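Consider the two complexes below, in which chain A is the common component and chain B and chain C are the respective partners.
This part shows the complex of A and B:
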């Protein structure tokens, strides 16, 4: 039946094109899912404001890189610094007071944060949409009959570098170790003299910085920058769930898988099939493996 | 190399969870370099006592209502857990509570979270591996996959990584083979004697704890029921009957026994709060 809606083609160059586009889109999903999973894993908060965090990053990129016209690298540095400060603000201003409250009370608080961010962006940036960012090289080149945009390659490279940095941080630094310890068992971590409060603050800061990177990248490929781009948070959700909400590595793979599937659905079935197909993948994964592909069961909660 | 043991003085400690009293005017002293055990059945308030000393009550919505906790002359009541660890208190939590997804080495390193002397941390790690040679080949193993005995060794080693002045062990013997438990208690005695570390052992296994400790307390329904030297408690008929497997009828609780001279007998069947896990 599905075939009746689509225009399937066996042309390898078209499929290569879709694959490359899918990987670039998936890389952005991965970066969004990574920030989402980081917060969930280490603070047990399902952060529904993550799409807004990313939107905040895209708007700040407009301010620092376009309006203020800072040198690109300085501008990115300032952007990420401001995002980090906002992450600390979210923890010390709001989330810290919610420790010990019920799961859904905290989820609702994140919805509140999302609403506040949307409102503030409307107040300070106005309702007009802005052109997408064009700071990264714009051209493209051909390979095997497929057109590859430089932007897509750069996005993929930047995300790969971020992911690598992330893993090095978690594996080899003391703070990374303490963050993993808190994620494993907060009480045991506190008993060892690790301050969960500091770890949570760093978690929110790291998630915001990841959202800053995501916003900067997504700002280059979205149609225009307006207050609807927060939907990326919802669209990256299947990526996080497919990977398993507790697995950082899983969120990367989940992001890439969902991105590629979406692009193929887009190319072969039409744009309106993108999201139904992505969410169907999420449903199927949840039905077969409720913890996602790499998520862990909470065995230790006996 | 290690700091000398600090003394711990708990006086009139009353702890509540919500409206329910878990500890009622408990006074316990661990002398500097001493080895003290607190005995008691499930729900006696033992774990609440550990949480109170280590600043973890807040995670269980518990609150100290009265009393004082003083370590080496300085009050640690109301301090945050990282500050209490820095002050010299380390614990082996009930049920070990390792970080299951971290390796053995990472678990041990987490025990040194309060320290900033990087070279000293490596030294402590090496010291631990001399104490528990079995752990050396397991350093890069995921802790959740170890046997119970190995996990308990990691838990003790992890606590020692902070070079504590006072080491608290909560239910060290729970679920472990007697041979391993014996070995662990011997190690505690060794650490106590060679390093002068003060030791507080919370136990259900009374016979073993009384062999190694100098002083002992029996906690029952949130109150100190009996206190004295370990020898005195071993000779106490009530302790013999209930904790050392003596003859006579089986009693599940001290509350079921007539206690002449005890000022505030609890009614039979009255239980302390279920807040302990």
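This part shows the complex of A and C:
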């Protein structure tokens, strides 16, 4: 039979394990989705290169924390600083010239950036896969017959902290206000004396730093660090869309929802169903409510 | 009562044509090509045959270009012609001439100077033909009708599935049934995959079609594992397409020892791929000129205004999806049978990227650009390989020869970024610029 369904199990401990695995996966999706949302919210750019940014972050984490063997906090600081510099480079080198271009041209240019990053990483790090990072505590404990890794809890905490941080930043700081103003109406914001160029640069830097954090965290839970980890960028799309592409809090909820659904599809139907199910959920959400659960609605004038 | 001031009626500027630049030089270009072609085939029995073809084509081109030169004003009918100006007609004739002569040149054992790769070019040319067809269809959908889609690789996979069912399982390597079947299946599935376009736009449409890509990948993997296992579908060997025996009287068809005419080898494949690609591209160019094609552009620019003009927007969008998907599916069948085997990872996300690179480098929303782009995409690695092996100032750089494919990829990505930043019309735009620069320079030199 073409579409053979796996056997559904009613064993609660299996389902609990799947739920916990799904939440852990969802936390990772939330990190990635947060990067999408940051860029899309203020620059209206769909950044298809975010998976590659994350891969860059993971490889830099390898360099700074494993090869150079820096102190953990110093290494993370250097990593985030380098990623920030890369974000500024992406903005001032490339994206700055693309403001006002067609939507698809900008999507394609992010694909071009993705291709460059992929090629450069292959050149400088080679195709061999590296062992995953082991800097965060590796142990686990049991709840009701299901295993919970400490790493997952840390990831969860970091994501929640990041969302909270960005929320406070957007709501209570001057630069956050500027970012929201530019996202709302770039011309009106420019007329009020806000420099959109600076705001965009800050946005790309922030997204890159989020990619650095994401790479560091994902490097701890992926099987091995190699060129295939960029796929997390595409797999996190449903999470970003379900939560709403303009909503910070939405990315965390969307990530968890999609992660759990994917994990259950994985456990009960088989690995190959993971992506189709996630993208079908995204598809349904797009048809019913295109802006996602908490996205901003845009009015269209004729 | 004051006299109403009537503005003077605007005088329509009469459009007249001088013979175009290319038209003046075309005989010389072809004449220059003749010794090259003949020189490359000396000793060949076909020498006089090719020589006479050259002369006849030369005469026909010159005659037609002269006959079709419009003199005086253009009527509407003349204005809407496929090849409007003498220059267009000359280029079309030159391209046709080139396409007819090319396989003979490539099949000859001509050796260009400096070890320029020649033997490998035939395979590259055939791949360019297949990819140009798919990329042009993709451009028709994304560029002309503005429906952003990333699902084209899904339709390549659909072509392979139909090729596997109809061409391999049902009729043992009969590509001729698989092609129309893939066109029908592609049109139906394409219209279904276009349904979200009725409700979604831009970004959301892109994501929805990308979701369709993953669903199609699931179908592809299921189909593969159900009937073919992990090795993938084998389209070559006993499954190669062949010409039926009742067609063996056709000129140029010389059956092999066992009385069969199997389409294998680059030369035979060229004569299958070239006509199909040329016809389908001409078909798309013509669709763009019809009412449906103009409706595509109207819907792309503003769908609400298009509906006010009396265009059925839903129908137009679905038609664009169906048409594009049908042609992409056909190119999927051709690619499967040409490449010979399709496996689990034949359709990955990198393939989606490759098509994006092709249409960006060639020139966004231009069918001509799709051809340029796919030629560039396939020739770049060849040129780069040649440069690494032969060019004296590149040969000694170890870095380049250590990472050939990675640097290929980097160059492609870099080109996409640079072209989108500085020259959004791509190679097709560069080509237009060059033509206008050349004719202006010529007009300056002899007014």
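Quick notes on this structure:
One rule holds in what follows: the second predicted complex is superposed on the first by the 295 of 302 C-alpha atoms of A that agree within 3 Å, B and C clash if a C-alpha of one lies under 4 Å from a C-alpha of the other, contacts with A are read in each partner's own complex, and residues count from 1 in each chain.
Everything that follows uses one rule, which is that contacts are C-beta pairs under 8 Å (C-beta built on N, C-alpha and C of every residue); 3 or more make two chains touch, one makes a residue touch a chain.
What you see is a predicted model, and the numbers here were worked out from it, not measured in a lab.
When the two complexes are overlaid on their common chain A, residue A:191 makes contact with chain B while staying clear of chain C.
When both complexes are overlaid on chain A, the residue A:74 reaches neither chain B nor chain C. Ranked by how many residues of chain A each touches, chain B and chain C are led by C.
When the shared chain is aligned, no partner comes close enough to touch A:160: not chain B, not chain C. In the superposition on chain A, A:282 contacts chain C only, with no contact to chain B. In the superposition on chain A, contact is made by A:180 with chain B only, not with chain C. After overlaying the two complexes on the shared chain, residue contacts for A:108 are found with chain C alone; chain B is out of touch.
Listed in rising order, the residues of chain C touching chain A in the complex are 142, 148, 196, 199-200, 202-204, 206-208, 210-212, 214-215, 217-218, 221-223, 226, 302, 304-305, 349, 353, 356-357, 360, 364, 403, 406-410, 412-417, 420-421, 424. Interface residues of chain B, counted against chain A in their complex, comprise 54-56, 58-59, 61, 80-82, 84-86, 91, 93, 97-102, 106, 109-111, 113-114, 144, 158, 162. Of all residues in chain A, those touching chain C in their complex are 2-3, 46, 94, 97-98, 101, 103-105, 107-109, 111-120, 122-123, 231, 234, 237-238, 241, 245, 272-273, 275-276, 279-280, 282-283, 286-287, 290, 302.
Note for the complex: chain A touches chain B at residues 100, 174, 177-178, 180-181, 184-195, 296, 299-300.
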